[in-house]
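In what follows, chain A forms one complex with chain B and a second complex with chain C.
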Partner chain A sequence: MTDQTLTDTTGNADTMGYWQKVARDGPRMGFWFVLPTLLLLLFIVVFPLLMQLYLSFTWWTPLEGIPWYQAWEVFNWGENYWFMITDPRFWGALWRTVLIMIVAVPAQFFLGMALAYLFIDKFPGRKIFYSIMLTPMMIVPAVVGLMFFLLFQGTGPVNDHLGLPAEFSWLTDVNRAMISVIIADIWQWTPLMFLILLAGMLGVPSDQLLAAKLLGGSNWQNFVKIILPRMKTVIIIALVLRAVECFKIFDLVFIMTKGGPGVQTETISVFLYKQTFGDLEWAYVATIGLSILIALSILAVKGLSYMAKK
Partner chain B sequence: MTAIEISNAVKRYPDFTLGPISMSVAQGEFFGIFGPPSTGKTSILKLILGLLQPEEGTVTLSGKDGAALDVAERDISMVFQNLALFPHMTGRENIIFPLKERGASEKEIEERLDFVSEVLHVSHILHKNPAQMSGGERQRIALGRAFAAESRAMLLDEPIAALDARLREEMRVELKRLQRENNQTFVYVSHDEEEVMAISDRVAVIIDGKIAQIGTPDEVYSTPNSVAVAGVIGSPPMNFFKGTYSASGVHFNTSSLPTVPITGATRKGGDGTLGVRPEDIWLGESEGNPSIDVNVSSVEPLGSYTIINAYLGDQIVKIRAPGQVTLKENAVQRVSFDLRHLHFFDDVGERV
Partner chain C sequence: MKTSASAMALKYFFVLLASAVVLYPLLWMVTMAFKPYPEWTTVSGLTWFPQNPTWQNFEFIFYGHAEGLVVSLDRTISGPLIASLVTSICGTLIAVVCGTLSSYAVVRFGLAQSLPLSVLQLRLFPPLAVMIPVMVMWAFIGAVDTWWGLSLIYGIVTLPFAFWLMKTFFEEVPVEIEDAARVAGCSYWRVFYRITLPIVKPGLATCALFVFILNWSDYLLALLLTQKEWVTLPVYMATLTSAMGGQMYGMKAALGVIAAIPPVVFGLMIQKHLVRGLTFGALKQ
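The block that comes next holds the complex of A and B.
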């Protein structure tokens, strides 16, 4: 009988039980099961990336008259990358995207935090205000863009309320166009910040807040010492989420200003759009898209490992 | 000196009215507040803390009107049922939190921390986070934090309810020692009657939002002033028999018991209730005491004493006999009542 059990463990198929066979064949069999999905993933993720990489090293455009896979005929040894690095319009678009991010995200954060703090305690009408507060983020960004496009017209309600003349333009002014876009973004996305931060704040047990209060802390001290440390994770999530979203900003800008006046509000997304459908510079677009993807990936990995260390 | 005084405080809720509450806690007293769940104990704590303002009546703290004192100015510390330790701080940071908040100097903080950690034996766990501590250690840190504040009074809201039985007994002794050695004023709230009785100098029994009785644990136990108090104090609970007082007031008649002679305070005629504690019913006859046959229904041997559930007519009677008792179920047993410890109540449940 001992011989029998020994052969079992060595994998003699005749004496193996069903589950032992599954355990032996499992990895091999599993591979065949996931293969279709794997191929599909390769096709939809890896293939476009490789295609992008390939095109970024050529002069190819749809007007070239040759199919994209023959683009090697116009291979240019990475000149696109050099062009990108020296393209002031690209750097301008990148800078404006970052500018929107570093102005709008902190503004949304502080506004959201302040509003969330107001909403901790119960007050009459809290639920109604809460619903109203959340409305902006539920509106389609394109519609928000249209709303602010109308609001900021020379003869629109904003100028009307502020008592400014119709000549005082927002969306066509070199400086104010950007301000308008940022205001629209803050209006739309402060609620999301508010929602996430409020959830984090309500997650701090009320007993701990009460304890801190009884032990003599002022509201501000308790906020800094008890609430904020406990909200750390939520704050990081909220900021990362909004920063990434902000980098992709397109609808608002496109509808409000089309990136104008000139290129004054042109963000990376709008720039890419114009390059793709206006100038048909697909190879260049591939270059920029890939570069940003790589840059952001490095930043994200660095940022995540930094957070993991903390 | 009175540390906390509540007089005629009333707070109304849509479906519940608290009060009028009148009680006073002396400086250095260990005051227990006991009541069945959801009878208003927490509301009384909130009145003291200032989280609730009474609609009528006043709360006075060391002679100062509570209405003029903000929550943070009341100088009252509290140990919560779930402790409410700050999880992102070490034991040390938790304990010195109140000192830092009020801007004490480094030297003061160190001195107070040394003193508190010595008294509570927590020096060796000060560097740990609450998550790394055992239940008992966390308990001590929470006590230490409230204690470090050197406040007017400490409120303890079922602070040891979450601990296991053995640790609970240890902490009970510890709390009492802490309170005695430092002459602190403690207000201890619990729905565990045994816990409150064991630890308090005086107990307030809260029933349906009102103070049913205030007294030492002995007073509350041996002379409960109503059926309600008698029913919640003591385990197993008191046995009650409904009946009538004789016209002369020297006898109490019930349908199930023999006529009971009354000595002392009495009523002449009218309905009433007789209460007998389980330990005042003895197995067997005893001289001078009335006796009766009961049908044993079940026996609970608990080591140092035994609880016998028996039928008297269709009413269950609980008997607590010292030591171990061997009784068969369904056996007929003669029991007698200790005439010296009978409790008489009138038709509305007030003590006669």
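The block that comes next holds the complex of A and C.
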């Protein structure tokens, strides 16, 4: 299909090839445009979902040499689901994921908000500092994991600069491992909050702010009464985005602590990874995955309809 | 708005403090990459800057051995580097081509109105919750540990970003321009190819860089879907420790620096559009 054929403006419908006809027919061309994406979606959503549902009702693992389509031979009537509900390790991992979320996301939010407020007005060097602020979120998460892995070593700089002995461990300590992971997450993703919230703040009409200022509003009053209400959508977007991504957290944790010590920093993703490669419980992983999918979908639908109502 | 000198000083204090917090871990990794073995830990005292700066760490990961080191590597960085580049670029191509075409059809022809939301859903779920069927499928079609298998999954998981980003760019193109061209006798394809695409070219470049960053940053998918031949940089970096026994801080830091450079450079290049990309076009700067 060359360009020349498509410039033909006097083409007679009978002599045109199929693609020429498509090029002249908007919706038909649109169909061909959408097709690859639709195929990819079908490929990655419909079939895998059915397979996941199927496998979740069996004891199938890749170890026993049964091909996945013959997994019905080890059908187990939903025992996986019962096992999941009574599996303390699963609930523990879920709780730790939520814990990271409810600590890290608000921290990122407040820090990001404060930083954004600093960057509202122009000041010398603003551009450079702005770029510096954005850097963490562009670094590969696995590398961020490595960075904090280096920092939090017993013989590393954090202990050295805080004057703590080398025996004061972070990543292998029952309580501090979690703190380290959360600090790393906050370090990496506060910039995202900052970026989005600053964009929202700059979207507040400056004449409104100026007027409020002239009328004698204090900075705090202006912030609460003028800026915040106008940033509502932005704030919701920022929080939802971060919460969704935070729930997936894997790279940081896995590189820093591998979920340890014990299961102290094991999040849902790390737990699923260990089940997949350590224990090869693929059917069980499929069960949990499907349950998470359903739960998140319900949450998403609820959230969307709630937002639509507002 | 005028600010007093003391307010300004306070502002600079906080800005500098924040910058210091941001730079602390970064600087540590970068200087670590240039430190020779004895300076890695507190055992012989830590310093911010290498006392005896060396290229030894980089030499080691590129050649597999370095002067003064007894150990050697059986795999150098070249394989993972190429794997990362190839899979990220191919994945980006898939995502950008599919995303561009389909978002254009959705914006201009009003086709597949449910597509935007269903594409978005792909981003909602933790990858591990859906990976079992994907791994089974990939094994079934022989795509595990191949460049195209990894590229394909990269293309799929970053498709939502490409789709939504391009959607916002297309929405900014005035439909009148296209109509005018069509009245002049251009076919739909020609209007798209010769008029609309050139207009959104900067957007297309932004989109490609953005998606490339996302693909390059992946760790989990490569961890699940590659074994040896097509292991990417982050996976290679993480396995270095276990393979070597000792904690190769300097080498890992050198690897981290290499892996971190492309996304940071590209990210700063497309700074203006980052908000739009990260919020799926919900916000513009």
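What we mean here is this: the second predicted complex is superposed on the first by the 269 of 310 C-alpha atoms of A that agree within 3 Å, B and C clash if a C-alpha of one lies under 4 Å from a C-alpha of the other, contacts with A are read in each partner's own complex, and residues count from 1 in each chain.
Note that in this section a residue touches a chain if its C-beta (ideal position, glycine included) is under 8 Å from a C-beta of that chain, and two chains touch if they have at least 3 such contacts.
Predicted model, so just to flag it, every value in this text is computed and none were measured.
Judged by the touch definition given at the top, the superposed model places A:Q221 against chain B, while chain C stays out of reach. In the superposition on chain A, A:R230 makes contact with chain B only, not with chain C. Once chain A of one complex is fitted onto chain A of the other, the partner contacts of A:F57 are absent, as it touches neither chain B nor chain C.
In the superposed model, A:K213 makes contact with both chain B and chain C. Of the two partner chains placed around the shared chain by superposition, neither chain B nor chain C is touched by A:F90. Contacts of A:F109 after superposition on the shared chain: neither chain B nor chain C is touched. In the superposed model, A:W170 lies in contact with neither chain B nor chain C. Which of chain B and chain C touches more residues of chain A is settled by the count: it is C.
After overlaying the two complexes on the shared chain, residue contacts for A:G289 are found with chain C alone; chain B is out of touch. Put simply, chain A uses residues 210, 213 to touch chain B in one complex and chain C in the other.
Listing the residues of chain B that touch chain A in their complex gives 49, 51, 71-72, 74, 76-78, 80, 82, 84-88, 97-98, 101-102, 145-146, 149.
Those residues of chain A that touch chain B in the complex are listed here as 205, 207-208, 210-218, 221, 225-226, 229-230. Only residues 1, 3, 8, 11-12, 14-15, 18-19, 21-26, 28-29, 32, 41-43, 46, 94, 97-99, 101-102, 104-106, 108-109, 111-112, 115, 118-119, 121-137, 139-140, 155-156, 159, 163, 185-190, 192-193, 213, 216-217, 219-220, 223-224, 233-234, 237-238, 247, 249, 252-253, 256, 259-260, 263-264, 266-268, 271, 274-275, 278-279, 282-285 of chain C touch chain A when the two sit together in their complex.
Contact residues of chain A toward chain C in the complex are 3, 6-7, 9, 20, 22-27, 29-31, 33-34, 36-38, 40-41, 43-45, 47-49, 51-52, 55, 62, 68, 114-115, 118, 121, 123, 125, 129, 131-144, 146-148, 150-151, 153, 155-157, 159-160, 166, 187, 191-192, 195-196, 199-200, 202, 209-210, 213, 233-234, 237-238, 241, 244, 247-248, 250-251, 254-255, 268-269, 272-273, 276, 282, 285-286, 288-290, 292-293, 296-297, 300.
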